[in-house]
C-alpha cells in the first residue's frame, strides 16, 4: 500500500471501520462497499442515519449506490482525473484547511530548480529514461537536500535507481528550506496548484464522463464537510489499486484528504477496504517477494553483501525509520537465534538477494518459460483469480511439481483436467508432466491463529474442533516441512544450507497431529528479550545489539506481558466506541493513525466536536480516546535543536512520525516509481486517447509482451470497442473456492453474467437473461446477460462509450461453474507494486453462445487490426511476438 | 409473553441476502436449485418451502428523493420479504390438523411433527408465503425462529442483517421505531415512505402484520398485495351460499320424490 | 402407550375441556413444540472466532457439540461487526462442514488422468525431497552479474492473504532461509 | 463444463455432487435445525416456478404504472393439489346428493322406491369412501391422514369438511350395515343413515367453500355462487349416475324430475359463477383461456347437451345414457375447470392485485375501509408513487 505509505508513512488504513460513524461525509470510490464489505457498511449507514452525506463514485450503479445520497457514474480508469479535479477545486476555491496543510504537510517545502512537471513535459516528469521506461528521481528532491530522500512505506524502493545506496540518509531533511506563506513558486503547494491546474470541471467531464454539475456537487459536499468542525472519510478498495497507475490513485486521494485536513481525525481518514481475511496481515508479515516482516526491504543483490551497508542505505537519518537497525537485527535474531551474532552479521549474509522483479506475474512468466520447477499454492486459486488464466495454467504445465493446499479441488489443483484448453483438446492431460500434490487444508475453525483485518487489527480465532483425517493447517504443513528439510540437510556442510540449519524452528507442538503452537509463533513475532526470554512490551523495547529478537516489529506488543492481545474480547458494549480492548491493532494498538493531527499545532483539539487526541499540559503527555500516535510526552511546542537526528529530529507538531521530516507528503520527493505527483494516464487498454497529456499510459507500467499475453491497441482499438471492468458480488468470494462450492451461496448467484446498458444491448442485440460472448485478445467467454439501467453509456468528449461489467468469481470446478472472467485480462502492472490492471481494459461483446474458449496462451490468434492502424505507440514498450522472454539480463557495464 | 415481530425497513436494505443465508444456516434448509432468473440480482424469486427469507430487487425508472444518480431517473429498491405472521393468519385459520398454531410470542408456527401436507394453508395465504415441499410432503415457512425466541435469542435473519434493515423485537417498540423512521424519511423528502401492514387500521384484511414493512413504492412492486384479506373473513358468504344450496338440494329431492309419488299409477 | 394416554393427547379433547372453540393456539401444540429449544443451548462449548472471508473481521461464535460444529453465527460482542454477518459469513457453517472438503491427500502423477490417494506422511516426505532436489539443482550463489544472491529461483510460493499471520510468518521464514525469493500472495493480485 | 463423461464419476464429480442441498459432512457438522428434517429428493423441483425473465427490469412490469408487479411473478402460491382433489370435488358432491335423496325417499317415498333409496345410500357410502381415498392420496404425508381429526377448527372448511366426511362416511357405513337389522340396531342404523344423509348437504357444498376460502382469486371471487353451483351439479350428477343404473319406471318417475331440476340448476348456477367471476376480467380470464378455459367451455357444452338430450322427445335408452353421460362428464369437467382455473388465476399477479385495487380485497368485508395498504386510494390506475 505505498500510496498511503509513501504519503503518510504507513501502508495501512488510517482509520477504523467504526469511526466512519463520526463522518459528516463519506466518499466511496473504487469500492463497492455495501456489496463487498456489507458488515463494515453498517458504519456508513450509521453515519447516514446521523445525517452524513454518502457519495458513491462508481462506473456502475451498485448496491452501494442505492444507499448513497449521490451516485456519480465514472468511466473506469479515470479516477485520477476526477480526484485531481477535486484537488484543483479545493485549491482554486481556497477550501483547503490552511493551518493543517501548512503545518502537517510538506506544502511549504521548496523543490529543486531542475524539477520539471507533466505540465512542462506533456505528461512526463523530469528524469524519464525512455530506454528503460523508468525515472531517474534525482530531480524530484527537495531543494537543498543532496542525495536521495528517505521515503517511508515501501522501503524496498531504496534499491531503485537513485534511491539510497551508500550514504547514510541525510539528517538535514527536517531543515530543508520552506516557505510557510506557501507563495514561493517552487514550493510544493504552488507546484501542486500548477500541476492540477488543468484538471478543470470541463476536463473531468471530458475524461470521466461526469457532468460538471455532478462533479461540482461532490466537490462542494466534500469541502462543506471538512474543516475544524467536520470531517470527511474516504473508502476505497481494489477499484483503485488494480490499475497500471493504481498507487497514484491512492496518492491523489490522500493529497485531497490532506488538503481538506481529514487525516488523523475522527470521522476522517482513508479506509482501505481489503478483500481477504488477512490480506493486511500478509503484507505486514509479507508473503511478498520484496519485503521482510514489518516493511523491511528484502536485500537486493549489491556489490556489498554486508549488513552494515544494508542498514546504512535503508536507515533514515530522521524520523521513526531511524530505528531501522533495531528491527532488522531483532528479526535476524528471531530467525537465527544463537547462531546470529554481531560477528557473523546476525546471519544477514544468508538471506537471498533480489535482482529486480520477482512478483507473481514475473514468476508465472518465468514458469511458462520453464524456469520455475516447483510451486506452492496455499489458499489461493491463480487459475481463476489471476489475470490471463490460460497463461497461468501454461506456467503450471511446465512445472515439475505443484503443491496445492486448499479445502477442495479448486481449478488450480485441477488445471490438468478441467481447464478450458484441456476440455477443448488443445492440451492432453497425458502430456502434462507436472506432479500435483493436493493437501486438504484446515479451516479457521480447526486452528488457532490471528487475522489482521482491514483496519490493521489482529483478531485471534481459536480452534473449535480438531481437523479430521489428513486435514492440517498451513502452520502444521510448513512447520513439518521445515522439520523434514532440516533433517534432510542436517549433515550438509554447505554454506547455502547454513541458513536453514541455523534457523530457529523449535515451536512447541500439541495433540496427536503435533500441531505447532500458533501462540508460540505469535510470541516470536511479538519479540522477546534474549537473556530472560520475556516477551517485549512493544517495538520501543527492541535493540540493535542482538539482545532482543522480534519477528515483525510492527506487531511488537501483540503479545505484551505474555498475553495474547489479539485474543482480547472485552465486549464492545462494555467499552468506549473506540473499543481498544478488543483485539490489537498495529502499531501499538493505535486505532486511528497519525492521530496527533486531530489536535492543532498547539496540541488542542481542532474542535470540541472532533476531539480525539490532545496534549494534556498538566500531565505533560498526549492523551485522548486512542493510543496517541506520537511520542507520548513530546510537547507540541518542542522544536529539535539544529543537527538533531533520529526521532529527536521530529518537532512537536510533526504528526507523521514515520516520515523522515514528520510531514505528510503532498509531493513525494522519493518513493514513487511513476512520478512525485499523480497524473492521469489512460489504462493500458482504453477506448479513448488521453485528453490531458500526450503521454497515453503510465510510462513506467510493467508489461509482459509475449505471444501468450497479447495486448490491444493502446487506445481506440476497433476490434475491442467497449470498456470492460471486473468486480465482486456480495454472494461470492474471490475465485469462488469458498463460495461456488456452497449451495447456500451458489443459489444466490448461480451463473456467470455480464451487465450491460439497454443501449449497448440494443446495439449488439443482447437480451436480458440471454447469452453473450465477451472477447479480448487473450480469449473469450460466455455468460448470461443482465440488461440494466444501472449501467449507462458515458458521454466522453462528445462520443458515447459503453462499459461492460463482469464478476470474476466463476471457474470450471465447483457446484456452480462458468467461464472465468480473469481469463480475459492481460499481464500488465503498476510498477510500484506489481498489481495487475484488472479493473479497466477493452473488449468486444456479441450476442449468443459463440465462445471458442481458445486462448492466446495456447496459440489462439486475434483478428488483425485494420489497415493503417498501428498497434504500438510511442509509449508502448516493444513488440510482443515472442514466446520466450529474456531473463535476468546482464546489466550493462556502466550500470554495475 | 409480549408480542414479537419484525420491522423490515426497505430503505436501509442493501440487498446482501445475509438474511436468506442466515435463515438457511440456522434452520439448515436445502438450496432451491441454481437458476439464473435475469430479474435484477434476485435469483431465488420468492418465498417458498425452503426459502423463508427472500430479498426482492426492484429496478425502477423513478428517482428516490434526496438521492441523485448519474444514470438518470432511477432507483434500486431492495427489501427482505418474510412470512408476515398475520394477526389473522390465513394459513393458521385454514390448517385442519392444528399443525399451524399461534405461539406465546404471537407468531405463527408450523409444527412439522403434525403437518400432514394437506396443502390447504398454501392456498389460504394471501401473500404466497407458505409452501409444501413436494419431496417432503409438508408445508414449511418462517418460524420466526420459534426455537430461538424461547431462549431469548434474536431470530437468525435479524441478527445477521448488517444494516438493521430487519429489526426484531416487541411489536410496540417496533411500531414506534417504524413511525419515527417514516417521519424522518418524510422530512427528508421521501414522502412516498409508508408502513405496510403495521396494524389493523392499516391493513384490516389481516388485522395487521407482526412482520411489517417500510416501503417507498406501491406494494405490488415488491410483490405484496395492496389490500390482502385473510380468506376466512369472506367465508361467511360462502357458507350462507351453502345453506341456500342445501335448501335447494333438499327442495329438489323432496319435490322429485313427491312428483314421483303423484305420478305413480 | 395406552389408549387413555393417546386420548389425553388428543387436542380435540383438550379443546372440549378448555372450551377452546377454535384451537388456534396452545391447545393444538405438541410436546415437541412446547419443549422446543435452540440447538445452541445443547452445545458443549462456544468458541470465539473470526470470519474467514473478507477483511472486515466480523466476530463469530462457533458452537460445538460432540466435537462437531452445530452452528456458526455472529459474535454480538464484536465492536466491529456487532453480531452481524454477510451472506458469506452466514454460510461459514457450510464452508467448514461441507462435503466439498477433501479429507485426504491427493496425488496426481505426471501424465496422470485421475487423483490417487497418498498417505499424509509419505506426501510430506515426497514434497520435502522435491524441495531439496529442486533447490539443490537450481541454486545460485551469484547471479549473471556475479553479484552474491544466495537463492533459488526454481521454487516459488503463492498464497497468504487467507492464511493466519503466524502461518505467513513461518512461510516467509522457512522459504527465505531456503533461499526462495518468489514468495507472493493476493496482496498483489 | 462438467468433466463427467459416461465413465464412472471422477473424484471431482463426487465432490461437486449436490446431495441434500445442505451438503454437510456428518463427521464435521451436525444438522439439528428446524428445517434439517425437511426431506429432499429433488432440489430443483421444490421451486418449479423459476423462469428466466427476458424483459429489462426497469422497463418491464416492475416499472409499469397501470399494472405493476414483481417481474411478473405470481403474487400467491399456486395450489399444490393434484387431480384427486377435483375428482373428490365431484365424488364427494355425488355422494352427498345421493345420500340426501336416499333419505328423502326413505321418509316420503313408497316402498317401491326402496331399492332406489338403497342404491342412493350405497352410492353415498361408496362415494364417501372414495372421497376419503382421493383426499388421502393428495396429502403430502398420507400416513398422517388421521391428523385431520386432531382438532376441530371451525375457521377451516377443510377441518369442517374432514369431520363431515368422516362422520358421513362412518354413519353411512353404519346405516348401510345395520339398515336392515331389527330392533335397537335397526334404529341405530336408521338414525345413522339419516344423519349421514343430512350431512350429505354440507358435504356437497363445503367443497366449494373449501375453494372459496382461499386467496386464489377465481375461487375467492365466486364464493357466492360456487357452492350452489357445486350442489346443483352434485344433484345433476347424482341423478344422472343413478339413472345410468337399471331402474324401474317408478323410480324413473322420481329420478327424471330430480335429474332435470339438477341439470337446470347446474346450468343456471354455472352462468352465475361466470358472472360472479367476471366482476374482474383478470379473475375470469382462466375461464376463457388456456386449459381451464377449454375445460370450462367443454363443461358448459356437455351440461347444455346433457339437459337438451334429456328433454328431447323420445325415451330411448341410448339417448338417456348419452344425456346422463354428458351431464356427468360436464360436472367432472366443471370441477377440473374450476380447479385449473384457480391455479391459473393464482399464477397471474394481476388477478390478485387489480381486483384488490378495485375494492374487491378486504374492502369488501370491512365496510369503512377505503384505502390500500400503501395509504393510497384503491382507485386504479394509480399514479406511479413518487
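Note that the chains are named A, B, C and D in the order they appear, and that numbering of residues resets to 1 at the start of each chain.
Simple rule for what comes next: a contact is a pair of C-beta atoms (placed from the backbone, for glycine too) under 8 Å apart; a residue touches a chain by one contact, two chains touch by 3 or more.
Remember, it's a predicted structure, so these values are computed and weren't measured experimentally.
Student: Which chain has its C-alpha centre closest to the mean of all protein C-alpha atoms shown?
Tutor: C
Student: Give the chain pair, either B-D or C-D, that is connected by more C-beta contacts.
Tutor: B-D
Student: What whole-Å value do you get for the distance between subunit C and subunit D if each is reduced to the mean of its CA atoms?
Tutor: 50
Student: Using mean CA coordinates as chain centres, what's the gap between subunit B and subunit D in Å?
Tutor: Taking the average C-alpha coordinate of subunit B and of subunit D, the gap between them is 24 Å.
Student: Mind checking the centre-to-centre distance between subunit B and subunit C? Centres are C-alpha means, answer in whole Å.
Tutor: Those two chain centres are 35 Å apart.
Student: Please tell me the distance, in whole Å, between the geometric centres of subunit A and subunit D computed from their C-alpha atoms.
Tutor: One centre to the other, that is 65 Å.
Student: When you check subunit B against every other chain, which residues touch at least two of them?
Tutor: 16-18, 20-21, 24-26, 30-33, 35-38, 40, 44, 59, 61, 74, 93, 98-99, 114, 146-147, 162
Student: Specify, in ascending order, the residues of subunit C that touch 2 or more different other chains.
Tutor: Each of 11, 23-24, 27-28, 39, 68-69, 72, 76, 84-91, 93-94, 96, 98, 100-103, 106, 115 in subunit C touches at least two other chains.
Student: List, in ascending order, every residue of subunit A touching at least 2 other chains.
Tutor: 38-39, 42, 408-409, 417, 465, 468, 730-731, 741-745, 748, 768-769, 788-789, 815, in rising order.
Student: Chain adjacency by touch: line, ring, star, complete or other shape?
Tutor: Contact map by chain: complete.
Student: Could you pull out which subunit C residues touch subunit B in their complex?
Tutor: 11, 23-30, 32-33, 36-41, 71-74, 76, 83-91, 93-94
Student: What residues on subunit A touch subunit D, complex-wise?
Tutor: Listed in rising order, the residues of subunit A that touch subunit D are 408-409, 414, 417-418, 423, 465, 468, 741-743, 758, 761, 767-770, 787-789, 812-815, 817-818.
Student: Write out the stretch or stretches of subunit B touching subunit C in their complex.
Tutor: Touching subunit C from subunit B are residues 16-18, 20-22, 25-26, 92-93, 98-99, 101-104, 109, 111, 113-114, 145-148, 150-151, 153, 156, 159-162.
Student: Residues of subunit B touching subunit D in their complex?
Tutor: That would be residues 24-33, 35-40, 42, 44-46, 48-52, 56-62, 65, 74, 90, 93-99, 112, 114-120, 122-140, 143, 146-147, 192, 194, 196-197, 202-206, 215-229, 231-235, 237-239, 241-242, 244-246, 248-250, 252-261, 263-264 of subunit B.
Student: Can you list the subunit B residues touching subunit A in their complex?
Tutor: Interface residues on subunit B, with respect to subunit A: 12, 14-18, 20-21, 24-25, 30-38, 40-41, 43-44, 59, 61, 66-72, 74-78, 162-164.
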